[in-house]
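What follows is subunit A paired twice: with subunit B in the first complex and subunit C in the second.
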Partner chain A sequence: MFLKRKISKKIKEGAVEWLLLFSALSSIFITLGIVFILFYEALSFFKDVSLWEFLTGRQWTPLFAQPKFGILPLVTGTLLVTGIAVLVSLPIGLIVAVYLSEYAPFKVKEVAKPFLELLAAVPTVVYGYFALLFLTPILQKWIPHLSGFNALSPGIVMGIMIIPYVSSVSEDSMKAVPMHIREGSYAMGATKFQTAFKVIIPAAFSGIAAAFIIGISRAIGETMVVAIAAGMMPNLTLNPIEPVQTLTAYIVGVSLGDVPHGTTEYKTIFAAGMTLFLMTLFLNILGFWFRKRIREVY
Partner chain B sequence: MSHAKTPNVVEMRKRIALNKTRDYIFWVIGLLSTLIGFVLLFTMIIDLFIDGFPRLSGQFLLSYPSRFPEKAGILSAWVGTTLVMIVTAATAVPLGIGAGIYLEEYRRKNWLTHLIEINMNNLAGVPSIIYGLLALGVFVYFLKFGESILTGGLTLGLLILPMVVIATRESIRAIPNSIREASYALGATKWQTIKDHILPYSSGGILTGMIIGLSRAIGETAPIITVGALTFIAFLPSSPITPEFPFLSFKWLLDPFTVMPIQMFNWISRPQKGFHVNAAAAGVILLFMTLLMNAFAIYMRYKFRKRIKW
Partner chain C sequence: MVTQISEGLKAEVKDLNFYYTHHQALKNIHLQIAEKKITALIGPSGCGKTTYLRCFNRMHDLYPGNRYEGEIILFPDQLNIISPKIDPIEVRMRISMVFQKPNPFPKTVFENVAYGLRVRGESRRSLVEDKVEKALKQAALWEEVKDRVQDLAFNLSGGQQQRLCIARALATDPEILLFDEPTSALDPTATSKIEELIMQLKKEVTIIIVTHNMQQAARVSDYTAFMYLGEIIEFDKTDKVFTHPSKKLTEDYITGRFG
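Moving on, here comes the complex of A and B:
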């Protein structure tokens, strides 16, 4: 009887381990699923449209009677809004990180960090509302030719939205710089400001680079703010006061309508999705490489 | 000699004063930059509240969407959100906790677990709309779940899976090895140790991660639009409770649905001002829900951090 119990126990232990392994493997299945679906649909898209036209065409009008499938306007739209967001979030994120890591007293940190986290928790559709119906009218008073939908307003809002992503990873890597390096700098008579910018930031460079890349990748993949406030017009421009359409906003715009399965129109959202996925994948790998370097420094 | 030194000292003092001023200026800039986030958050809350206040009433919660902004409400949206969240939690929580336990307690150092780990980090960086495309291809057309609550819930479940895994792993890692060894010393098997010790002690951290994940899922709009949730739904899904035996029905899983953020998005996109008021009112409720969940999670984390001393 004792033996029986032992055997049944062993079976149970083994079964549990397999079950847990299966849950861990689910992440691999998700990735494989994403890659398979995107490539499968995109490949069948490229049977209808040549890759050359897709990459170099200057017009994106897949729903017109004479459709044009040049991805460039969507890519420039994405890069334009991302660029504005990055101009806002990287400097501010870095300053916040330096402040929280080097200057702020414990109590300020204790309050500020959860609040910054809340900023990342606000639904993006709310940010979109804010960009379209609050910030754009204000900006229109200063910039007379600003159209109702534009790249500037969602870019700024998105920039503030991703400050927490930039600041928290940067701050972690600054805190990881050993105390004696800081003390060495203070002993030479350097101020906190000098220490932060001449010693800590260079020492934490890999982590800060990773944080910047995470921020950029977030901005590229962000959808609702741009879908609401940037307009739905594919526009090959780098002028921030004009309406633009990003890759993500295009996917949303098409999905809102009724898309018959298997049509070229249906496949375009996967082609746009694959472009987006490859862009963020590249950034994620770059960020991963930087993060791996953090550990090698000390 | 001292005469020759004087200008040098004066210069140095000047330089020190300048450095100190710079230090002080940066301190102010740092504080202001940290405050930008709060200013935005508060402006947003106040703006939404002022815009949406006229529509915030019980009737707004109990009405279906309508062509007339004054009569429209969010009944089908919040019921949809609730049901989708049930499916999301049922997907992400068991899978996420299971994966977290495996990676912390069972993993062997081989290429497979290494791959799982890298992959998990990468998944957290995939834009949410890509999950929507995955779901459109797999759940809607391949598995033929259609544009249903089941599809929406599974999509968001996969989306927040990495968050649950990371939270589980972090709180399991905080448990010292002495606890495990004490349990093994008493003859407990690995699973008994996990079930009776590791899981109960890490439950606070896991719960925190779960709530943050769900609050993120409540606000997610893009992947749900991609799988084809409708924007105008004037009916409720079939009831999960039936009067006859077996009293439970799962028909609602395959019903069409809408969720809060989509309802809000739909109202924002209309040109009439009246619908913008509705959008703001829906936004207030949405924001209130997510902020409340996050505040609760932050409080829990704070409490557990204080209480547990190994």
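Moving on, here comes the complex of A and C:
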């Protein structure tokens, strides 16, 4: 009787363990599956189009009668919008983090942080229309040649969208700087400003760098804002007032269209997707490496 | 009554009370700090000695809800350094501190020592270099680090890091140097080096040291104050306190009966 109960308990325990293991592994398998499909389809794309053309071609017109498969316009479009977003989000995100970590009284922090998180909770499609219908018309008053679709407006809006990602991770790493380091600086007669910029930011450097990288890869991968407000024109330019197309926006555009399955046009989705994947993978590895260094200093 | 000292004074504490919000941590403290001498603060954990030390450079101003009452008069200009009218930064410019745990900044050895000068806006390169070298020599660290002043300070050993923090505090020529249990995180060899250094330094600067190592207080200090529950129980010349304490409580503490 007693032995029986013990055995059934053992079976139950084992079953639970397997279930947990399976759940944990499933996310790994799904990730690997995605990567596999991406590379498999991209590889078959490169049977139709040479890698050389893909990497050096200056035009991306896969749906034209005489298609051109140069990825560069999409890459520059992505980098341009990301660059603008980064110029907005990194400085503001860092300043917000310094304020929250070093200056803000407890009560201000309690109110400000949920609002900041709200910024991250707004659906991206709302940001897209905000860029297209609100910010672009305003910018057009200042910049007369700004086209209705352009890189500038979604870039700025995307930057605002990313601020909370940058600020919260930066703030965490600044707060992780031990109090006795801070006191050491104050004891030397330093002001708050000097302490924040000469001691806390260098001490939290690896965390801040990780925050920046998270922000950048978020910008590269962002789809909705650019699909709505940047225009759908693969345009090899670094001029922010012209319409551009990013890798993500291209993928959405083609996926929503009626490109027949299995054609070269169809496979371009995977080639563009793989390019995007490699870009964000590189950044994530960089970010992982920085985050690993956070704790090493103290 | 607390003993009056006959030598030149660097500071005089009068009727000091200190509150962490509602909790009174220091009660009616009177004390005289002799110039270019070492004053040790001893007492069991939680007696308020570190709290007291941190009044001298207004460290408590960093946290909300802390309140001082009374006076700490700094000589020769008779400035009440805990007056709310006095900017804490002005006080910290004159009174430096070395902490319990070595706390170098994530910078090079050189920039750590130069920090106080940089904060004061000093940018003349040769002057900064001279001061850094002088401070490192005063802190008995120069010989060990002169070839790697551009290395990160974290690469130094614990004892070296603490001497670096002493050099950092000395570089700005403070009038008083505060030590908050400076050897509690160090091994015996590093400890004796620091003690030796502290005794050397009193030629140039007034020193107040908190320690719960009574042998250390006896070895290095000229005056000793014994604190208990936020009050000063006994204050006198160190050899007097350790050989003929006038209070039973002091005697019990230094003979190890409690604390």
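The rule is simple: the second predicted complex is superposed on the first by the 298 of 298 C-alpha atoms of A that agree within 3 Å, B and C clash if a C-alpha of one lies under 4 Å from a C-alpha of the other, contacts with A are read in each partner's own complex, and residues count from 1 in each chain.
In this text, contacts are C-beta pairs under 8 Å (C-beta built on N, C-alpha and C of every residue); 3 or more make two chains touch, one makes a residue touch a chain.
Quick caveat, the model's predicted, so the values are computed rather than measured.
Once the two structures are superposed, subunit B and subunit C can be ranked by residues of subunit A touched, with B on top. By the touch criterion defined above, A:Ala210 lies against neither subunit B nor subunit C after alignment on the C-alpha atoms of chain A.
Looking at the shared chain after the overlay, A:Leu146 reaches neither subunit B nor subunit C. Of the two partner chains placed by superposition, subunit B and subunit C are both touched by A:Gln194. In the superposition on chain A, contact is made by A:Ile228 with subunit B only, not with subunit C.
The contact surfaces that subunit B and subunit C form on subunit A in the two complexes overlap at residues 191, 194. Of all residues in subunit B, only 19-20, 22-23, 26-27, 29-31, 33-34, 36-38, 40-41, 43-44, 47-48, 51, 94-99, 101-103, 106-107, 113, 115-116, 118-123, 125-134, 136-138, 141, 158, 161-162, 165, 189-191, 212, 215-216, 218-222, 225-228, 231, 261, 264-265, 268-269, 276, 279-280, 283, 286-287, 290-291, 294-295, 298 touch subunit A in the complex they form. The touching residues of subunit C, when paired with subunit A in their complex, are 57, 59, 62, 64, 89, 92-93, 96-97, 99-101, 103-107, 115-116, 118-120, 154, 165, 168-169, 172.
Taken together, the subunit A residues at the contact with subunit C in this complex read 105-106, 178, 180-191, 194, 198-199, 202-203, 205, 297. Interface of subunit A with subunit B (complex): residues 9, 12-13, 16-17, 19-28, 30-31, 33-34, 37-38, 40-41, 92, 95-96, 98-100, 103-104, 112, 114-119, 121-130, 132-134, 160, 163-164, 191-194, 196, 214, 217, 220-224, 227-228, 248, 251-252, 255-256, 261, 269-270, 273, 276-277, 280-281, 283-285, 287-288.
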